[in-house]
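Here the chain labels run A, B and C in written order, and each chain numbers its own residues starting at 1.
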Amino acid sequence: MAYNSILDWVKFTDPMTSSGYPYGDVYNLPYDIGYKIWELISGLIAWLIDLIVPGNEVSTFLTETPLLTNLLSITLMVVVIFAVGFIVNLTMIWEERKVLGRMMDRRATRVGPLGYFQNLADGLKTFLKENITPSSADKKGYMWALTILIGTSVLLAFMIPLSGRWFIVDYRTGLLILFGLFAIAPFMILVAGWSQNNKYTLLGGMRAAAQMISYEVPMLIIFASVALMAGSLNINDIVNAQHEYMWYIIPQFLGFIVFIIAAIAEAERIPFDLPEAEAELVEGWQTEYSGMK
Amino acid sequence: MADMWVTMGPQHPFSHGLWTLKVRVDGEVVKDAIPVIGYLHRGWEKECENRTYPLIIPMADRLCYSASMTWSHVYCKVVEEAMGIELSDRAKYLRVVADEICRLQSHLMWLAAMGTDLGNLTVFLWALREREFFLDLNVKLCGQRLTTNYPRLGGVRNDMPYFFERDCMRAVNRFEKVLWEIIGLTDESSIFLSRMRDVGVISRKDAANYGLTGPTMRGCGVDFDVRRDDPYCNYDLLDWEVPVCKEGDAYARYKVRIEEMFQSCEIIRQAMAKLDSIPKTDPIRVKAPRNVPAGTHFARVEDPRGESLMYLVSDGTDRPYRLKVRSPIFVNVSASKHLVQGVRIADIPAIMGTIDMCLGETDR
Amino acid sequence: MPLKYLDKFPKKNNARTLWVLKPMWVTLKKMFKTTFHRPVTIMYPYEKEWVPDNYRGRPGLRFDKCIGCGICKKMCPTTCITMVDSDDNGRTVQRPQVNLGRCMMCGYCAEYCPVNAMIVTPDYELAAYTREELIYGPRKLAWPNSTEMMEVHMEGHLLSDLKKGKNEKISLHCVDVIGLIDGKCIGCTRCVKVCPTEAIEMHTYGEDEKGKPKKFPLFDRQKCVCCERCMDVCPKDAIELKEVL
């Protein structure tokens, strides 16, 4: 019997040539990574099954069907992008905590080498806490507000391309969709704060809604002016237009400064942390969300 | 929006202790406030009736745990007045040094808490770092950091060790430089100024009518300090100033406390110099009688938080018949309704932080 | 002494405060300083802060020196000390047992101990799993390397001495005079058995009606530590303590 080596099954073909490649003629790096990971997994499983039962159909199904390949590559691509975003976020938080600690004349974050795993430890601790729902809270609003809020934020994060070949979707009207998703956030925060049946969260939610709505207006004006200069709402086109002209920060430096301030206010970071003012409102509109919620 | 009562309840980050402030809020503007205290009532005055006189000194320390030296000082002062004992010079200056170290560390604790109330966590850590030096001084003097149990009926517990003067001068000299650094973080920042200015204003007349004491009162323009106007322990022989501010807002009270810290450093320096000149054989402790003659006496001392007063009714035995404590915060917190009129909820921590609540003495 | 700070603040020229730039500059300076030199943190529990010998941690007992007088029990503000029997080469001497759950570390037991058997130790790490573990009997209270700084001496002057002009610092432990009130003693010798330093001796001074010898106690002032155990146990309250001030 001929010995079928694994290389028969794991064929690293060019993803752009497979049928069902969703991005046309633009090379997409995370899709490529997901494609290769799926090929590895499927090839391994197919080779193992082929060793036991040579010439079966499951192996060919796993490796040859373009629909399955496509679907799972996209899934893995999303996982890759999420993982990269997650690790970058962790690194930024770690760096901020370390620097803040040194400013206060103390050593910060001690878990792991140079304290890198402190955020993972904190996340693990939060996972292990109990999810308490207040009995007199409005259940639907309580749960759905958070879900929609986090969901739209993640959608927003996925819509922004990090380079010419690192993106998930590339809509022609990408910026417009961003506008829409931004607008949901303050409303959901208000619902979250209100549904917890707690005067503090109500105050926090109202403050947060007021702040976020008011700081959205300058932000969206800046978006509009950038889109005007580039002539398109597609984010990739805006980037390319800056290649030809010059970085838009130079003619629009005022817009840049305003955008930075508005973005800090949207994220409720210090000094705009009135909704989450720890001194008087404990956690603001997040007071009753314990545990992983 | 209709008026609603928000309970800034017993468990709250800004409260420094267990007390409730119920505020009536119209939107974000405060209309009314009711302070509710009594969560920490331990029955101190009743417990004192069961103990002999020397045993109450460590209990008096725990009345206000962050200003423990002054509370045991006021207790020893009232019993010494009942017994008719006069302290020697060395004991007086030792008590002065201990009191001023206590004042410094209590004000530093207040500054740290003030920083957290406003969200400024750096001031919190820097002030606590400075406070550690004074707590170490306490350790060298009498063995414990906070509840020192240092004054005794008739003097103080022990003389200062031979290295104490060097360490004390080092700490005080270093502290004066670092305090300017900390001021650079708070006072010279526009955010701090805009949060503390014109907030929680109380006029001079109202302050006197409510009976406010201490830096809360001196920040409104009333010029009274027990150390200068009713002197004890040779405070009138030392050269120092009483800071007074006219405006009456939270910033004025803050300024008064910072200046008090600088003046305390001065007092410590002069008292140490005087201690140098008094020979070491001067008595530091006199044996006090067991039974206190019957009568009523009171004594008052300038606490970091105001004027603390103890009233003793003795009946000739070795246990007090009644020992009443008048705590400054108990009176200051009664003015909270007046202080928070018309401000936003976000200003309440700033205002109540300047009163410097210490629940141990309020609830006893 | 002029005011150091009040006259200068708030700065009249608000532009000199430079908005928030001064605080940012101060924190940046501190950040650079602590990155090159270490910050002021002490990494407890890997490093511990040095405590001096006279630090008032938990009380300690020097087993051999304790005479079982019970003054520490009388002077404890929280009444956390009880006297328990402990054997001492055949004899039972009552030694203190401290309930550290109630102890407020005031140091009175060490201060009032006439033989300096109770000391203050620099031991502050006292966590235990149950409340019963916190009750330290006489053997558990030992602190092996006790130094002289751990003793607390109660020294002072007597007002009568100062009036006479005598400036002499004495130990305030055994100053009071113990004496017998005339006519009340019945010669039961309970005080002799209870005295920890054997300062009482019974003397006979004649015979009463039935022929039994009449006894009265004689107190040795040098040995008496004023623990008042004889006063507590006397059935007729015939012993009194005269204060020497």
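What we mean here is this: contacts are C-beta pairs under 8 Å (C-beta built on N, C-alpha and C of every residue); 3 or more make two chains touch, one makes a residue touch a chain.
Keep in mind it's a predicted model, so treat the numbers as computed, not measured.
J.: Count the C-beta pairs in contact for every pair of chains, then give the pair with the highest total.
T.: Of all chain pairs, the one joined by the most C-beta contacts is B-C.
J.: Which one of the chains is closest to the middle, using the mean of its C-alpha atoms?
T.: B
J.: Approximately how many whole Å separate the CA-defined centres of chain A and chain C?
T.: 64
J.: With chain centres taken as the means of their Cα atoms, state the distance from chain A to chain B in Å.
T.: The separation of the two C-alpha centroids amounts to 52 Å.
J.: What's the distance between the Cα centroids of chain B and chain C, rounded to whole Å?
T.: 27
J.: If I count partner chains per residue in chain C, which residues reach a count of at least 2?
T.: Residue numbers touching two or more other chains: 27, 40.
J.: Among the residues of chain A, which are close enough to touch at least two other chains?
T.: Residues 103-106 of chain A touch two or more partner chains.
J.: Hunt down the residues of chain B that sit against at least two other chains at once, touch-wise.
T.: Expected reply: 122, 129, 191.
J.: With touch defined as at the start, can you tell me which chain A residues reach chain B in the complex?
T.: 103-106, 199-200, 203, 270-271, 273-274, 277-282
J.: Report the residues of chain C in contact with chain A in the complex, numbered from low to high.
T.: Residues of chain C touching chain A: 27-28, 30-31, 34-35, 39-41, 43.
J.: Which residues of chain B touch chain C in the complex?
T.: On the chain B side, the touching residues are 51, 54-56, 58-59, 62, 85, 122, 129, 139-140, 142-144, 147, 149, 154-155, 157-158, 181, 183-191, 193, 239-241, 243, 245, 251, 255-256, 258-259, 262-263, 266, 281-287, 289-290.
J.: Using the touch definition up top, name the residues of chain A that touch chain C in the complex.
T.: Interface residues on chain A, with respect to chain C: 99, 101-107.
J.: Along chain C, where are the residues that touch chain B in the complex?
T.: Per the stated touch rule, the residues are 1-6, 9-11, 14, 17-20, 22-23, 26-27, 40, 51-52, 54-56, 75-77, 104-108, 111, 120, 152-159, 162, 167, 169, 172, 175, 243-245.
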